[in-house]
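Just passing along the structure, written as structure tokens.
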């Protein structure tokens, strides 16, 4: 319990450092949101007015304190470029990135676990080896290149989907999901290869242990041993690995959204940084950071709950 | 030197992965080195007569949408990507090791405060970091190196810190302290060499991640700027002519896969050889 | 046994879901059947505001041209034609403009347009300070419910072009989110970074639009445009590059026009070497316009010799293009006079915004062309657009930059006023008493011929002084799926969607 509390406090401190860093990073980057918004024709007075409307005429520390205070009341500010509350703006896009990541994660689990079990069962068969080699190659494919390959083969050559034909979830949930299948696959595939490799090795190591041999000698069937003992013990490292993947997937979705033309958080992060839309950038980064920290925290705690052998390392 | 040679032959004989990885990497390095000395065409020279020429004797790997020779661009582009990855890992590993060592060795308040900053850095999107540097100091490969280098500090810092946490209680450290050896000396001459193996494998993994990160940033248009070539930049541009000249368009990607595959196989070979 | 069932109970639905999605994915691909009563138009960036009096980006105005109208609006030949006003008169002294409200004209919400709405709209637009020219208005009178009279505080026979500013209903309290205008299309919905959807306004006063539903889709990834056009997710994209044009199949008709901007190597006249007119002229002598066009846009584009582009037929002076024919020896002689030779080359950097591929390419070609002399060494410094805006444009902290300057109104002032010595937006720091005088002449002239002559004088001065190295009006390639036809080029940044119609 003390441990969990300690972790929680350090997570909050981390969030605080991130928020300060982002806020002050923008103070150093050149670029004026008011000028961006009003264009090159605007009079100096109009610019001054816009700056004060955006709150940019205040000193930085004051702006930071105001922002934090508002943040705690659930008000994330108003987007400079859209004049829409950031909460509304991003709330609309949350399902996009959310589903993309979730879908990738589901694909990862669905593809990697059965495959690993198959590999473990058919250890050293010809197909096992061939697929391991293939896996090794797939692992080396960067997700965005995987995206381009999928677009090329399935979109352009086989015409299974329309490149760039993203449909919003409000318009048509079915086609929305159908389109997300490909980017999710692009994110998941290289990770499936990694997971299979790790899980297979883990299972084979467990399978070599004494207790498994004992189980065999007692006359249990292969399947039984595999599911009841091996899988159970190989599950723990897998859990951490999958959680690690989850956070990586969130970060990786930025580039994939660009390849497939999906207007999710990644697109907004990129556009808002380039457009100096600080409130949006702050909100996205805080959200992503919080998510990553949360996943790490939960994994850490789960890990301890499942396996009490783990000592307090720090 | 002799030790390295022995290790090498041990790995070489030991496993297939290392052999394949080593050959792939060696070919890649040779390709880049030749590119650094000589390319068939200047990599930025445009030839309007030969846009997307396809594979011809004059341009064995074809040309891009501006008529630039693909082979020449791949040679220098791969070089840029490698250079950035190398710089990134060097900065990340050096700074990360120092921070990790100090945190792990001294612990306490220093550890707490430094590690919170490291955690924050870990969560900070590398895109923003890169943009910060590019905006502040102008664009170019060196700024990408610095930005990514900083982004890579956390993972090294965490690894090294973990090692130091484990090692600092060991007998040899205690006895060195009793002999009056200074803290810094203990850190860098007694403990750090023991963390060498862990650091080496982190460097190999980090190298691959750096290649990926550079390609990703350049793909988003924040990394290397035109007319410079990098594999990520080329891959992004290649989407334009995926229809007309798919083979030329996919080449930078395949080269990227080759590069990453080579390193990861060699890296795994090293680790397998250690066991 | 428990573990096993758990695995199965979670894994199986997941597998089912995956398969389902894959099947759906397969189906969606085949669903391209498409009635030509709708069209998807790709636009390069999201619109900056839905409020017509706050929008500034050219990319926004060209889209919302279809939704909003002013008292007058531009047509494809570059003339101002009646819109909300059915006719107008201008007083002798060019200080009083009187408009007659069009009979029976309605807003998208069904309400009738009143003179009060016009008064409200003009004053509102004036208040935002985004169009500086509107500050010339002294007062807006509404003598009766059919007429609006605009009185200026100085004579300006060119003022009409500023009255394209949108007329919106006074009672609409949220023009930022629910825009209402009088154009041929009415606003339906908008999703940031995704699309803007408009539909035909059936009560439109003029020719009804040819296509019913229009989606403007934001294409954030410029590299994916060809793929999206060919794949069928976008039917039209204005301003594709020549390289992209070469990629398109014969499913597309490519219309070729010009972008209507002055692309130049703008020289910061306050930067040491460029204060010397000989240096500026030398650079002009080193320029090979056709060479630039050949590399950047397959040889297409319109050569320019001053700050004016050909679409302004009335003002454009083609002879200025030949003021500085490419002549390396002459350039070297001028540079020598100015104190530069092989041993002491002229060195400067060209700042260019990385998001404008044509400008980046042009800068690269220019550097090569200048290098031929052996005396000029230009390096290229790519910066991100916002940095360019604040550092280069606003702070004027640069040496040379390649950019395109466009006109926001159908008036020569849009391209010439900025070169007055004390203009707010004189980002090249050009300073010439002679120019200021010529420009004032143009401003005060009421007679059209005299005004035109004065504008031409301004152009000549800019060219002779080589204020900048004028290059070209970039070609504009518009890709339109052959299912549609009727695309029209305007001399302004405008996409007239109402003119499009399904091909027979």
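Order of writing sets the chain letters: A, B and C. Residues in each chain are counted from 1.
FYI, a residue touches a chain if its C-beta (ideal position, glycine included) is under 8 Å from a C-beta of that chain, and two chains touch if they have at least 3 such contacts.
On a predicted model such as this, the values are computed, not experimentally measured, just so you know.
Colleague: Return the chain whose centre of C-alpha atoms lies at maximal distance from the corresponding centre of subunit B.
Modeller: Between subunit B and every other chain, the largest centroid distance is to C.
Colleague: Out of A-B and A-C, which chain pair has the most contact pairs?
Modeller: If we tally the contacting C-beta pairs, A-C comes out ahead.
Colleague: From the C-alpha centre of subunit B to that of subunit C, how far is it in Å?
Modeller: Roughly 42 Å, centre to centre.
Colleague: Measuring centre to centre with CA averages, how many angstrom lie between subunit A and subunit B?
Modeller: Whole-Å distance between the two chain centres: 22.
Colleague: Would you kindly tell me how far, in whole Å, the mean C-alpha position of subunit C lies from that of subunit A?
Modeller: Each chain reduced to its C-alpha mean, subunit A and subunit C end up 38 Å apart.
Colleague: When you check subunit C against every other chain, which residues touch at least two of them?
Modeller: In subunit C, 221, 224, 227, 230, 384, 387 touch at least two other chains.
Colleague: Hey, what residues on subunit B touch two or more of the other chains?
Modeller: 131, 135, 238-239, 242-243
Colleague: Using the touch definition from the top, which residues of subunit A touch two or more other chains?
Modeller: Counting only residues that touch two or more other chains, subunit A contributes 29-31, 151, 156, 258-259, 270, 274.
Colleague: Residue numbers of subunit A touching subunit B in their complex, please.
Modeller: 10, 13-14, 17-18, 21-22, 25, 28-31, 136-137, 139-142, 144-145, 148-149, 151-152, 156, 251, 254-255, 258-259, 269-270, 273-274, 281, 285, 288-289, 292-293, 313-314
Colleague: What part of subunit C is in contact with subunit A in the complex they form?
Modeller: Residues of subunit C touching subunit A: 1, 3-4, 7, 11, 14-15, 17-18, 21-22, 24-29, 31-32, 46, 48-49, 56-57, 128-132, 135, 176-177, 191-194, 218-221, 224, 227-228, 230-234, 384-387, 389-391, 393-394, 408, 424-425.
Colleague: Would you tell me which residues of subunit C are touching subunit B in their complex?
Modeller: It comes out as residues 221, 223-227, 230, 243-244, 246-247, 249, 294-295, 298, 354-355, 360-361, 364, 380-384, 387.
Colleague: Could you list, by residue number, the parts of subunit B that touch subunit C in their complex?
Modeller: Touch residues, subunit B against subunit C: 44, 46, 48, 51-52, 65-66, 131, 134-135, 138-139, 221, 225-227, 236-244.
Colleague: Considering the complex alone, what residue numbers of subunit A touch subunit C?
Modeller: So the residues of subunit A in touch with subunit C come to 29-32, 35-46, 49, 81-84, 89, 92-93, 103, 106-107, 109-110, 113-114, 151, 155-156, 159-166, 168, 170, 174-175, 177-182, 227-228, 231-232, 258-259, 261, 263, 267-268, 270-271, 274-276.
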